[in-house]
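In structure tokens below, several structures.
In the two assemblies presented below, subunit A is common to both, partnered first by subunit B and then by subunit C.
And then the complex of A and B:
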């Protein structure tokens, strides 16, 4: 039987919370990447992303993807989960974009598979190559970004953005958004559960819409009240409109070493893949 | 010997949106080193009074003075005054989710010392000291949304302790605490008070009042103070507590005879009956 809107919403909220807990558990594993300074991880990933984006040699990009997989493995990220996470959703987005590129209409070249002879519509060798480039490039880039997020707790990653000169007030807001999104998710989940426990049978679509709009209204009003109280709590502890934050990061020799290695790999990949 | 006044409140009125009355002419005095409890049922105005004392709200009529100076919005625009006041007075909010707005426990405890422009070394030393006093070493890297109710309360207290305030305002500190955490909290208050701190605790939990307060102010349901006096005297006045909705009449049968007496519930313990 098809699940009701309330059930689906509840399931989706629960799934989101579970995924986050799972990701946080990975970030806490004693793996190689987890032990590195988050700023080094951030800069390394950005350098490798640049290399992936500018490399014009398929084998170089494939090599970088293998490197990402090895890094995931030594960082105790479950490989099945990691690969699935990237490649299941990718065809729906990049695949659709890559599809027209296959054909001679967009990418002229030697036909490999002719679908229609007059006028000629065929998949070309050049088209296949271009599509492979696009998919592999996007897949590797997404894998790099996901790996970074999996091996670094969100709040640490946000704090590491300071190395890119992101203003501290922006980091404070991002941090608070991340912190309170869970409270609001929990509130929404509690509200739906309370409603669900008092419903016998299925709600009519109009009643379901009514429930959703009500919930949105209540959540909006709660978050508004919460934001006012949080601001008072900040004022109470000396906040005067200019947030001051303190990083607890300390660079160890191995962080410098890792950063240098990652930058070297990126430079070599760019050189090898210069086309 | 005259005790140095910390707070003097004269005929303070406050209403939310100019309609919903929270305080209807409240006057009180708090001296240095006092241990005060503010008793009242839900919605009687206790939390609002604490926010007035913390300079977060200002009376719409009447005066609130702290350390001899009237509190007003203009006064807090003076950086030196605001800085000095926030360093000396701290409020622990009733809802720990409001108080704990930072991404991690460490950031939360460091927030106040950082806003008060303490040096990096001093901030770290204060955080370490608060963490040690509250015995929360295992929580420093955790996110607030993954803490239990008792843990959140400890972190909230640590976030204020790092300020080393002279005056502690505690809003319903035992809400949601299990008996062990509650007993620990009472010990914590007593320890801090022994070091010369001034404590003003709002509560309707009669169980802890005699332990944490020497003097009590009682709010009635018209948002006014109904009584003030030494703790033992106030707690012995059953008629007053009944009128202010802090205890209730309990009726039951003795054989064929209906018997009624004042009664209150000790949280997580036996009920207290008065013959």
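And then the complex of A and C:
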């Protein structure tokens, strides 16, 4: 029951749309992290990511992962979804990649489990630890990044980037891009659906490829045309090359408190993990 | 990412999903790549805003959205194998490398921040490979091979396929080198690799070969397929990138023989592995002692500096591969230095003119 290519593309487009809608839903829940200033969340996540990245001790990374899980829990992120989303989607492949690392062929070291003695094929202690480092580090880093976006509405997170001195013109482009991704996804999805409704049987790979690249070509032409229209619309509304935003974030005492706590955890983790 | 290391069942989607997650690179390595990528991206942005003024914002936003969306399309290859394209090469051909660089960088930032696809600390590495090296290489190859032919010329199809295939293969190889450097640079006292664990002689072929055979072919087919569509359906769009840069195109045409010569030298450089002995005049102190019978005092006094890659060898590597890696790094560094000097000179002469 191999699905056609068009159906698969349609499914992945729909999946992306659903995924972000779900994320926005969580970001509106009255959880702990949702109530914090987005800049505090962004800087804290960066500090914790650095701590995960620098750690030379597996227990420190594991501890940071538990911290991420408990933060997700107090922020009403469904834990089953959160864990599955992170570990199944991305590091599943990391896990497969890490498999050959276990063996002495790739990672020489002290054999723990000998599978074959001549020539020697064994799982080494170094290999086990290397695989554990890779999987834990990737999983924890991805969890941190996903948690940030789950508890922060995207436009708020976008504006929080200004705290990292991202130029305002980039923020403007980022916001527009995010908006137009949905429009283009919708357009692409409509084009595939229109085509799908006219297809009987299966297309040969060459014909499928033709279909896909032509769709991309149309989409590119539309993008370019649309960019001209958007430019005129911006001009007519008084755009002069200098983006302006309305909102000002204000730091509450609890924001400072949470920020300080996150930074201290990161510093302690850096110190413990230096080994 | 690294997906291409897997054995490929025929119905699996493989891909140019090169997005490097956090955890594969040591933090200092990631920071170093940020330091290389950000000024380059800044220069591209400045060049773009000089060309387009206020038009830049909507153009880049729409092309960033476009690159994001086409990265999700399944492209069929053969026997049920499908994959994803990055699309940086077709964007570079249509709106020029600077526009493609900023657009792809924005698309990658949205993927890293909002979809957890590609790391946040590794964002520097991801933009360096996919948003900078890839579109600039693709645009260069397309212009060099496409020449001054008409927009509708079939030669441009070949040029665009080559641009997509070669630019993705190049960054796959570079990513392989970056992965392979990790166990050399970062390991625990007992030899446990702390980040990406594969040594260079595994990582480079594991990234390079499947990409050259599958993902880069998809990138090439997508680039040529979109170009073919635009040649029929919207030829004006293919002239967009040519308009502002006519003068620079003439200049690069004059330099083309030099680039071709340089490329030939690069390709020939592994011949150095076959040659015996040392290049004339590049004797080390010991070799001089062998030939002349003693070490001149002045020479002995100069032997205090030790190069980061002595004898072009990378520690922990098989000698030939180390030689090739050193050659690649050397060429890259030289080009970067020349490019920086050239752009400084160009800026000065532009300032004098105005």
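We adopt the following convention: the second predicted complex is superposed on the first by the 241 of 275 C-alpha atoms of A that agree within 3 Å, B and C clash if a C-alpha of one lies under 4 Å from a C-alpha of the other, contacts with A are read in each partner's own complex, and residues count from 1 in each chain.
We adopt the following convention: contacts are C-beta pairs under 8 Å (C-beta built on N, C-alpha and C of every residue); 3 or more make two chains touch, one makes a residue touch a chain.
None of the values given here were measured: they were computed from a predicted structure.
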| item | value |
| --- | --- |
| Clash-or-fit label for the pair subunit B, subunit C on subunit A | fit |
| Contacts of A:240 with subunit B and subunit C, given as first, second, both or neither | both |
| Touching partner for A:183 - first (subunit B), second (subunit C), both, neither | both |
| First, second, both or neither for A:9, with subunit B first and subunit C second | second |
| Superposed model, angle subtended at subunit A by subunit C and subunit B (C-alpha, nearest 10 degrees) | 90 |
| A:126 touches, of subunit B and subunit C: first, second, both or neither? | second |
| First, second, both or neither for A:134, with subunit B first and subunit C second | second |
| Contacts of A:155 with subunit B and subunit C, given as first, second, both or neither | first |
| Touched partner set for A:219, first subunit B, second subunit C, both or neither | second |
| When both partners are placed on the shared chain, which of subunit B and subunit C touches more of subunit A | C |
| Contacts of A:248 with subunit B and subunit C, given as first, second, both or neither | first |
| Touching partner for A:230 - first (subunit B), second (subunit C), both, neither | both |
| Overlay on chain A, subunit C to subunit B nearest C-alpha distance, Å | 9 |
| On subunit A, the residue positions that both subunit B and subunit C contact, one per complex | 154, 176, 178, 180, 183, 226, 230, 234-235, 239-240, 243 |
| Footprint of subunit C on subunit A - complex, ascending | 2, 5, 8-9, 12-13, 16, 19-20, 23, 45-46, 49-50, 52-54, 56, 86, 89-91, 93-94, 96-98, 101, 106-109, 125-127, 129-131, 133-134, 137-142, 145-146, 148-149, 154, 157, 169-170, 172-174, 176-178, 180-181, 183-185, 188, 205, 208-210, 212-221, 223-224, 226-228, 230-231, 234-235, 239-241, 243 |
| Footprint of subunit A on subunit B - complex, ascending | 51, 54, 56, 79, 82-83, 86-87, 90-91, 93, 95, 97-104, 106-107, 110-112, 114-117, 120, 123-124, 141, 143-145, 159-160, 163 |
| Subunit A residues touching subunit B - in the complex, by the definition given at the top | 24, 153-155, 158-159, 175-176, 178-180, 182-183, 186, 226, 229-230, 232-240, 243-246, 248 |
| Touching residues (chain side subunit C, partner subunit A) in the complex | 1-3, 5-6, 11, 13, 21-24, 26-27, 30, 49, 53-66, 68-70, 72-80, 82, 87, 90, 94, 102, 106-107, 109-110, 112-117, 119-121, 188, 190-199, 202, 221-222, 224-226, 228-230, 233-234, 237, 240 |
